[in-house]
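Have a look at the structure below, then the notes.
In this document, chain identifiers A, B, C and D correspond to the written order of the chains, with residue numbering beginning at 1 in each.
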C-alpha cells in the first residue's frame, strides 16, 4: 500500500465522520459529495475504474441532486405551513 | 429516554465495531486478495467472451442474474417512489393552483447553459454505454451520466421542466420499464436460443462494438433503465404535483 | 498497516451507525446510512486488491498480466446502484412525511398509540 | 423440468416490467387478472418444481456456467424440497392476497400489482438461490418492494413511519449481510454456498468466519424480527394493507429464518460443527424462547388488532427459531410443518381483520366491541384461527408443534414442551379474547382504559362495504382450509422429514452441486405420541381459560382482577420500549448484533 492511498483513505475516514457530525442538510449533502469524490479516488487507486465511474456519477451527481431537491421540497412545505399558521 | 438510547446504542456500536475490527485483523494482508474464482473469471473473459472488461463480463455474463435482480430493485424502487409521492385525489385542486402561482423560475443564462451542456454529455454517455464490454464504464455509468445531463435541464429552468415533464414523465416510466424488461428478455433469449436462462447466446467474436455477445445489449438495457429510473425520481422530487396529472 | 483499509471500513461503519442512532433529522439519517454503505464499498474493494495488479480490463495489457479481483468489483458496482435506490425510496417517504406532517425529526413524532 | 427454477422468478419479473411499460393504458381489471394469473402460474411452477426435486436437489447454473475444476464461476439456484416448498407456499399466499385485494378501493393499478409481483419474485428467488450474493440481491428486492407496500397509505402518518422504520432497520440489516459476504469471500474466495462449505471443510473455523456468520445471521434475524431486532415489525404490520399483511405475516419472517438454516447447513456447518454446534444451538434456542415468550405476552396487552397479530407473529417467529435452532433434522422438519400450518392460520386472522376493517371501519378491539356480531362466517373463521394457533389437535399447527416438542425432548430439553404449551396458550388467548370482544360483545366494552382513537383504525378502502365481497371471503375460507389441511394428512410429516434429512446433509448438498451424486433415501417421522395430544389440548384449554380471565376478571373476583391488572402493569415497561422511534430501534439493533457477536466469538471462536 502506498502513501497516497493511505492518505486518501484517512481523508475518507475524516470526511465520513464530518458527514455524521454535520447537522445542516445542505452542508451535509456537499460533504457527502466530497466523500463520494474521495471514494472515487480510492477506487481508481485500487484499480477499480468501473466502480469509480459509477461512484462519481451516482455519488457525486445523482444522490446529491436528489437530496437537494428533497431539501428544497421540505423547506417549501415548512414555509407553506408557517404561512398557514400566520 | 434519549440518554438511554445513546448508552444502549453506544455500547452496541462499540461491540459491533470491536467484533468487525477483530475480524478484519484476521483477514489477509491488503494487497494479497487473489482468489481462484476471481482469477478464473478474469482469465476466461478474453478467450471466451472476446470482451476486454472483466468486470463487465462478470456483471452481465458470469453473474448476470445478480444484475437482473439489481435492475429490478432499481425499477421497483422508482415505482415505490411514485407510489409514495402520489397526491391524493382531494389534494389535486389545491396543487394545481399552486403550480399556476409558481410561474417560471431560473435565470435565462442557466437555462441556456444547461441546454448547451446536454448534447455533449449525452454523446459521452452513449459512448460509455456502448464501450462497456471493452473499457471501464457501461450501462450503469453511462445511464447515470445521461441522467445527469437531462437533470441539468430540469434544474436549469424550472419553467421548461413544467412543460417537459408533463409530457415526458410517462415516457420516463416507460424507458425505465423497457430497460428492466430488456434485461429479462435477454435472459429469456438465452433460454430459448441456447437452453439456459441468461446464457450468452449471441456470437461473441464479432469485431467492434458488438463484441461480447449479449454484454453490449445488456449494457444498453441497463443504461436505459438507470437513466429512466434516476430521472423519474428526480422528476418526482422536483415536482410531485405532476403526478396528479398522471393518475 | 496491512489492514489499514479494512479498518477504515470499520470506522465508517461505526460512525455511520452511531449517526443513525443519534440522528434528529431524517435527511441526516439518510446521509449516515450512506456512510455505512460507503464502508461496504471500501471493504469489498480492499479485499480484492492485489499489489502491483492492474484493473481487470485487458486493453493494452497482456492477458497474462496480474489483475485485481473482478468479482468484488462487480459486487460493488451492484452495491453502488443499490445506494441510489435506497436514497430515492427513503427520500420519497421523508418528503411525503414532511408534506403531510411538517416534521422530519424522527423523535418529534407524537405517536398516537392505542 | 429444471427450467422451472429460473422461470419461477423471471416470469413475475417480466410481467411486472410489462405492466410498467403499459401502465398508462392498463385498467384496474386487466392488472388484477394479469397479476392473479401470474401468481397462479408461479404457484404451478413451484409445485411442479417441488415434485421434480423429490428428496434430492435440483441445481440450475445460470448462463450455462457450470463449475470448472471444482470452482463455481456462475450463479446457481440450488433447489431442495424445503426451499421449493416454501416458494410454493409464498406463491399460494400471493395468489390469495391478490384475489383478496381485487375489491380494495385506493389500490393504484398497475403499480400495486407490480410491487406485489416483484415482492413475490424476491421471496421465491431467495428460497431457491444457492449463492450468497444472489441471496443478498433477492433479499433487497424483497425489502424494497415491501417498503413501498408498507408505506402505501401515504395519508397516514403511521404508515409513513412504519415504512421508514422498516426501511432504515432493514437497510442496516442489508449492509450487515453485505459485510458478512465480503468477509466470507475474503476467507474462502467463494460465493456459492456449497463451495463455501467445501472450502470451510478444509480450512476450518476462524474469527473471520465467526464474525461473518454472525453478521449474516443478524441480517436474517432482523428480517425475521427476533428480539431485539423485532421493533420495526409491529409498526409495519399495523399499517400495511391487509393483503400485504397476509404475506408479511405468513411468509416474510419465516423466509428470514429459512435463510439462517440455509446458510448454516449448506455453508457454515462444516466450519462450526461439531465443536460449536451446542453453543450455537444454545444461543439460537434462547433467542427463540425469549422472542416467543415476549411476543405472546405483548399480544395479550395490545388492543389494536393488527398490532396484536403482529406480536403473535413475533411469538411464532420465536418458536420457529427455537425449532430450527435445534439444528437437527427433526427440528427442521417440525418447523417446516409448523411454518405452513401456522402461516395459514396467521394469514387467515389477518384476512379476517382486513374484512372487519372494511366492514366496520375500525381495528381497535374496544371500538369494535360487539359490532362484529352479524359477521357469522368471519367470526367462525377468526375463532377457528385462534384455536388453530394455540395448536388444536389434530390440525396443522398441532402436527408441527408436536414434532418440535419431540425434537426438543430428543435433545434433552425437557422443560420445552410445557413452556411452548404456555406460549401458544398466551397467543391463542390473545386472539380468542379479541374474538370474544369483537364478535360476541363479551367483557367490558369501554372501561377506563384509553380509547383506541388512533388514525390506524380508519378503513383501508375509504368507504365501507355493507356485505363482505366474495373475493375476500373465498381466500379467507381457503386459508382456513389450508391451516386445517396441513395437519390432517400425516403423510406431510414424512415428506417434511425426508426433505429435512436432505436439507441438513451438507455433503449431499455439495455432491449435488459439484457432481458425484449420492443416493438420498426417504425418511419417516414418528406419529405424535399421547403426550403431544395432552400438551396441545392443554394449550387450547389454557388459552380459553386465560381469555376468559381477561374478559371476566371483574365477575370472577377481586383476586382475578388484581392478577389481570398486575399483568398489564408488569408489561407496561416492555410496551413502552416500542417507541416508534427509529433511533431507539437502531440502538437496540446495534446492541443485539454486538451481544450476538460477543457470544459467538466467545463460544465458537
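What we mean here is this: a residue touches a chain if its C-beta (ideal position, glycine included) is under 8 Å from a C-beta of that chain, and two chains touch if they have at least 3 such contacts.
All of these numbers come straight from a predicted model, not from anything done at the bench.
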| item | value |
| --- | --- |
| Pair sharing more residue contacts (C-beta pairs) when A-B is set against B-D | B-D |
| Distance between chain centroids, defined by C-alpha means - subunit A, subunit B (Å) | 18 |
| Distance from subunit D to subunit B - Cα centre to Cα centre, in angstrom | 31 |
| Whole-Å gap between the CA centroids of subunit A and subunit D | 37 |
| Distance from subunit C to subunit A - Cα centre to Cα centre, in angstrom | 11 |
| Subunit C, residues touching no fewer than two other chains | 1-2, 4-5, 9, 11, 13, 17-18, 21-22, 46-49, 55-57, 67-68, 71-73, 75, 77-78, 80-82, 84-86, 88-89, 91, 93-96, 99, 107 |
| Subunit B, residues touching no fewer than two other chains | 5-6, 9, 12-13, 16, 20, 27, 30-31, 33, 35, 37-38, 41, 53, 55, 63, 66, 70, 73, 77, 80-81, 84, 136, 140, 144, 230, 233, 237, 240 |
| Multi-chain contact residues (two or more partners), subunit A | 1, 48-51, 54, 58, 62, 66, 70, 73 |
| Pairs of chains found to touch, sorted by chain label | A-B, A-C, B-C, B-D, C-D |
| Subunit B contact footprint on subunit C (complex, rising order) | 1-7, 9-11, 13-14, 17-18, 21-22, 46-51, 55-59, 63, 67-75, 77-78, 80-82, 84-86, 88-89, 91-93, 95-96, 99, 107 |
| For the subunit B and subunit A complex, residues of the former touching the latter | 30-31, 53, 55-56, 128, 136-138, 140-141, 144-145, 147-148, 151, 155, 230, 233-234, 237-238, 240 |
| Residue ranges of subunit A in contact with subunit B within the complex | 1, 48-54, 56-58, 61-62, 65-66, 69-70, 73 |
| Residue numbers on subunit D that touch subunit C, as the complex places them | 133, 137, 140, 144, 147-148, 151, 154-155, 157-158, 160-161, 163-164, 167-168, 171-172, 174-175, 178-179, 181-182, 185-186, 191, 302-304, 307, 364, 450, 452-455, 579-583, 586-587, 590 |
| Residue ranges of subunit D in contact with subunit B within the complex | 3, 6-7, 10, 13-14, 16-21, 23-24, 60-65, 68-69, 71-75, 108, 111-112, 114-115, 118, 121-122, 125, 133-134, 137-138, 140-141, 144-145, 147-148, 151-152, 154-155, 163, 179, 183, 185-187, 189-191, 206-208, 210-212, 214-215, 579, 581, 583-584, 586-595, 597-598, 601 |
